[in-house]
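Got a structure for you, questions after.
Order as written gives the chain letters A, B, C, D, E and F; numbering starts at 1 within each chain.
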Amino acid sequence: MQRNDNRTPDQLRPITLVPDIAPHATGSVLIGFGNTRVICAATIEPNVPNWMKQQGVKGGWLTAEYSMLPYSTLDRKSRDISKGRIDGRTVEIQRLIGRSLRAIIDLQKLGQNTLWIDCDVLQADGGTRTASITGAYLAARLAVQKLIDAKKLAENPLLDSVAAVSVGIHEGKELLDLNYLEDKDAEVDFNVVMTGKGQFVEVQGTGEEATFSNDQLQGLLVLAQKGLKDLAAQQTAFLTKQLLGTVKIG
Amino acid sequence: MQRNDNRTPDQLRPITLVPDIAPHATGSVLIGFGNTRVICAATIEPNVPNWMKQQGVKGGWLTAEYSMLPYSTLDRKSRDISKGRIDGRTVEIQRLIGRSLRAIIDLQKLGQNTLWIDCDVLQADGGTRTASITGAYLAARLAVQKLIDAKKLAENPLLDSVAAVSVGIHEGKELLDLNYLEDKDAEVDFNVVMTGKGQFVEVQGTGEEATFSNDQLQGLLVLAQKGLKDLAAQQTAFLTKQLLGTVKIG
Amino acid sequence: MQRNDNRTPDQLRPITLVPDIAPHATGSVLIGFGNTRVICAATIEPNVPNWMKQQGVKGGWLTAEYSMLPYSTLDRKSRDISKGRIDGRTVEIQRLIGRSLRAIIDLQKLGQNTLWIDCDVLQADGGTRTASITGAYLAARLAVQKLIDAKKLAENPLLDSVAAVSVGIHEGKELLDLNYLEDKDAEVDFNVVMTGKGQFVEVQGTGEEATFSNDQLQGLLVLAQKGLKDLAAQQTAFLTKQLLGTVKIG
Amino acid sequence: MQRNDNRTPDQLRPITLVPDIAPHATGSVLIGFGNTRVICAATIEPNVPNWMKQQGVKGGWLTAEYSMLPYSTLDRKSRDISKGRIDGRTVEIQRLIGRSLRAIIDLQKLGQNTLWIDCDVLQADGGTRTASITGAYLAARLAVQKLIDAKKLAENPLLDSVAAVSVGIHEGKELLDLNYLEDKDAEVDFNVVMTGKGQFVEVQGTGEEATFSNDQLQGLLVLAQKGLKDLAAQQTAFLTKQLLGTVKIG
Amino acid sequence: MQRNDNRTPDQLRPITLVPDIAPHATGSVLIGFGNTRVICAATIEPNVPNWMKQQGVKGGWLTAEYSMLPYSTLDRKSRDISKGRIDGRTVEIQRLIGRSLRAIIDLQKLGQNTLWIDCDVLQADGGTRTASITGAYLAARLAVQKLIDAKKLAENPLLDSVAAVSVGIHEGKELLDLNYLEDKDAEVDFNVVMTGKGQFVEVQGTGEEATFSNDQLQGLLVLAQKGLKDLAAQQTAFLTKQLLGTVKIG
Amino acid sequence: MQRNDNRTPDQLRPITLVPDIAPHATGSVLIGFGNTRVICAATIEPNVPNWMKQQGVKGGWLTAEYSMLPYSTLDRKSRDISKGRIDGRTVEIQRLIGRSLRAIIDLQKLGQNTLWIDCDVLQADGGTRTASITGAYLAARLAVQKLIDAKKLAENPLLDSVAAVSVGIHEGKELLDLNYLEDKDAEVDFNVVMTGKGQFVEVQGTGEEATFSNDQLQGLLVLAQKGLKDLAAQQTAFLTKQLLGTVKIG
């Protein structure tokens, strides 16, 4: 079987990575999952949220924001501020990105700082949330290195790497890394987040006005794990090159 | 091993059901999962959203709203309107409730109507979203029957029943239907939504600033399926009694 | 003359009272004025508003919020947060509830606490604001007793009881405690708030796109006082039973 | 007994009236109750609210807006838009102004028009809402005449005049038309709205963290009626002069 | 050539000035540029913005707000709060007023105070922003004198006077001080702000869906400077009279 | 004299241009003025604003939105939606961009379409508004060509090119194209917008808590015109290359 972009069912789209796309961020990367392209930036702020101060929680914080640039979609998408509110889908995605990154960071080692993760979609073709998480880790890792090099952090607070991929059932077939045309008609849609060491961080699967059996669930989990192993390897290769092989990944 | 409320790890909390708690709704129920109590109401409105009219989509719609009453928590929770916005957690939950119900309804059979599902938490002790989904189905089924009896619907648009339960890992043990004390310290937290016929609608699992292995994932899925079979049976028993055994469930 | 629910012009609807409807509140009651049913909850919060701190005002505060649950009316009512604002009627009602309770409480005796009064209408059939005030006093009294029993308050800050009732002119006749059908067509509509000792707290009377004479005003005031005496007696009876007769009412 | 501005207890402050203060309005007046000064403008708009169109209600509409200019108070008051919301007091007042004017207008005779009543307080010294109602009637009457003269209205839709005054109990004494210093410390505060023919439109009385007896209520109503008779006479005199005695008042 | 109001191209409209229009402001004036009339008020507040405190900036602050009263235009204009936001034009104007006044004030000499400038348009006939700036200076100067007289300021922080005027090209002709009919069809529209000593504070020129040459630009600048010299003289004359010639202007 | 980046006073920063940065936009470019980098996108939408429909205005519309990405500044800048409002500076800039483009477009030739101009700052180092206008023209020109090639437009509605540059006085010297360090301390700051044919579109000059003489104004205008001639030449060169020399520029 061929997919609409000639991939096999268990094949990722080509991953592209441009480091330092936003030089004023502490770390940044432009990640591409095929035609889906997301600016991922990590910025350190010497402050923590008020609730941490009030509750006396020690250490730092990590928070994520996700947004689609108005020209990222084929029909122009209004800015959130024009509508006066963030839509429900955006809220879900930015909460997911935040949880995924917090699962692999030791906030105690961040000091009294907030690490802001910003993911702005430049071009949307399915999988913007999984590309965001995968790129956000890289931006965070680059930011951490810059802070270590500048003696602003004593050690790397990132305990592992993290990446995400979508799997789904489209026209009855189990597919890895769905593009927009596949995604919009998928009967079942999963997003799976996993660390470089192979631990799950998040499993989210939804029947889109449909349901799925236990067998289908198991098949999709296997497919996702295959894709995530590949993504983790590509993350390591990128960071090894960027950081000159002199630092330990993750 | 005993839990803090003397349940075994695979034991649900007692389910309580009070029909017709809000007589002006088309159908309503007060559902209790132990001390968690939620007013679930289904209300028919002879109208559909503007986007359906603009896009020429046929049939009806179902939308859900979830809210915690200010006195449902041990520390008073501000109303959404006082804060001027719905928080991210609420958005996620009401989207989940909506998707869960839409997975089992044939919207074509609703006519040009919207079925509003409202879930207002009266007392929160963990599992408010799973109790909401489980009760929302019952409210919807009672509403449908009233509409059929009043000749406002020709046939039952509900194709199956639906229920939800939480499972999680707490102090290293896999538990069914976590209460608040268990939930707030759980390492892993899953919400699983399933139909009466045993099909999955949604699987959402998160490591709370932690991760989980494939073996743990599999154990939790088995536990959830056990609890969901039990919940489906209790839903059937309740509806059989309410609807006098004269109508087909689901 | 018979009214549409067979009452005489000067007859209250049956009052129903369910204590402890919201167990996480400090005190709560589900009050019914006929088919009008309101959840009234009183919750203590160990804090006072910022303006009191800034102005150095001593003692505590009492504030009220009122809301109609979306399924309380025959046509579903949108939540305030969906409309993005509280409507004018709601603002007026919650200010009235707050003033009515503050008229009978010695805020100095509350300590540095805020007593939140929440009134959520479960079913609306006219008189939701008068039922709210009448029930709010009961919730507050139950909350105060719980705080005294827990040694969190030294003495009862409530100096008197308070209740409210509507009177109006409908088809030229003066009626007590109007239900929805009577209220929506009334020519004149009064809400009167009075303490258990017979002092007025608030008198609000409006000609609804109409006017009224001094004689009509006097007739309505007499009718309201009759109803309020009855309500005060029912409040006392309820509290005597709930508090086991061991505490002084008011 | 002398009051702080040397009036007797039953004496109004001097009324000042400047016609046509805002020439682009259909009708306008600057009204003064002593140092309280309010710009009252009536503007016709050839349109009715959407709810009237949707419900098929015939005739016109009248709506009122009230605002305090930031420099009207001794300490500068933030604009509503700076705070992002209209405060509760403002909402109550503009609803009161609207109801008061609607009580004396035959909306059928307005045609498919909205009569906007705007009251902007230029200087606040107590009684801004009663001055607003009293001046709003005059602005409306001037606007009506201009529309009749321009053949845009066939006949006068105003069935009567309307005015308002405050009465209250301050240091135990019953006073008419309270200024700011009296109002802020008053134990009981009433606003009474009455037509030129002596019919009540609205009676609103509140114990300010206090209560009042039936005798006090009766005394205040007598005092208010005396002041309202005087205000109606002054309204008539002003309009007679402005409209050259050629038209019937009210 | 005659203009629609019989002025020559380089002639200002008549300036009218009513002092103390809002007695609760520290200083105020009602300024008229022909039929354009603006209430300008300056109010002192013993506080500075939070950003000044946080950044440790010394001295005071000056901030301006501009608003059009709903009845200032021939078609009623909705209040900002009704639309929920300040429109872009208003934002631009109030920022311009603020910058213009800050250019001539020594904020160090204001002490830890904010001088609020409020400009509310009572009647709009073109040039509301230039009338606002010209009147705002006068209100500020009156306010400063009151504060000096009350020993609340040691010396005059105003280093110069400031005024503003519009110039533009209408039907190919260069005109000074455009009224509404001229302004709405102008091809080029300039607002020029200048001090009494003849220094520019702001030059803003726009081709309204058109462009302009360097020659046209130069002609308009000459015309503006002529009008601004005249305005400065009228400001001085007014202040000399108001302040009894006993104080130094600017 | 050397500037902090070694430029002469009348020297532009290097201009960089990356076409098609956002492939889902109709036309797009990443423009750099030195380290200032802005994503400029032009997107066609087959619709016009409601006010045009209501007023029966023919032709199309052009509207611009400007935003700074949170990581574009050295200290992270909150998103507008997080603050709930667009700040005044952003409003001014997006209105300026819109006016500048509308000055050179024949809206009649756009058909019933809106051309959206989006400018998102990726890196801010002074001159973000002038880079935005300069790049927005290029994005619009690329979009127009794509629409002509796709037979969606019959002819080019752009009548001329447009570009913008800043000039200012810093430490007493007149400088062209200020970078951030120069801009933040400048005494006088001008933005000048000009067409390729040398006509002014907009001149905006402000003394930043300072003033400027007529001589300084004239010197700055000369400097701006020099820079704008250079920018226009670079725009032509870029478009000639992108559009293969087969189409007429402007």
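General remarks:
The working rule: a residue touches a chain if its C-beta (ideal position, glycine included) is under 8 Å from a C-beta of that chain, and two chains touch if they have at least 3 such contacts.
The UniProt protein names, listed by chain, are A, B, C, D, E, F = Ribonuclease PH.
Computed from a predicted structure; not experimentally measured.
In summary, the chains found to touch both chain C and chain E are D.
Steps from chain A to chain E, minimised over paths through touching chains, total 2. Any chain bridging chain A and chain B, meaning touching each of them, is missing here; the list is empty. Ranking every chain by how far its Cα centroid lies from the centroid of chain A, the top place goes to D. Computed centre separation for the pair chain E/chain F is 29 angstrom, with centres defined by C-alpha atoms. Mean C-alpha position of chain A lies 52 Å from that of chain C. Work out the mean CA point of chain B and of chain C, and you get 33 Å between them.
Centres computed as Cα averages put chain A at a distance of 60 Å from chain D. Listed for chain F are residues 84-85, each touching two or more other chains. The chains touch one another in a closed ring; read from chain D in the direction of chain E, their sequence is D, E, F, A, B, C. Chain B contributes residues 21-25, 28, 35, 39, 41, 43, 45, 65, 67, 69-76, 79-82, 85-86, 116, 118, 120, 122-124 to its touches with chain C in the complex. Remark: chain B residues 85, 88, 91-92, 94-95, 99, 102-104, 160, 195, 199-207, 209-214, 217, 221, 225 touch chain A in the complex.
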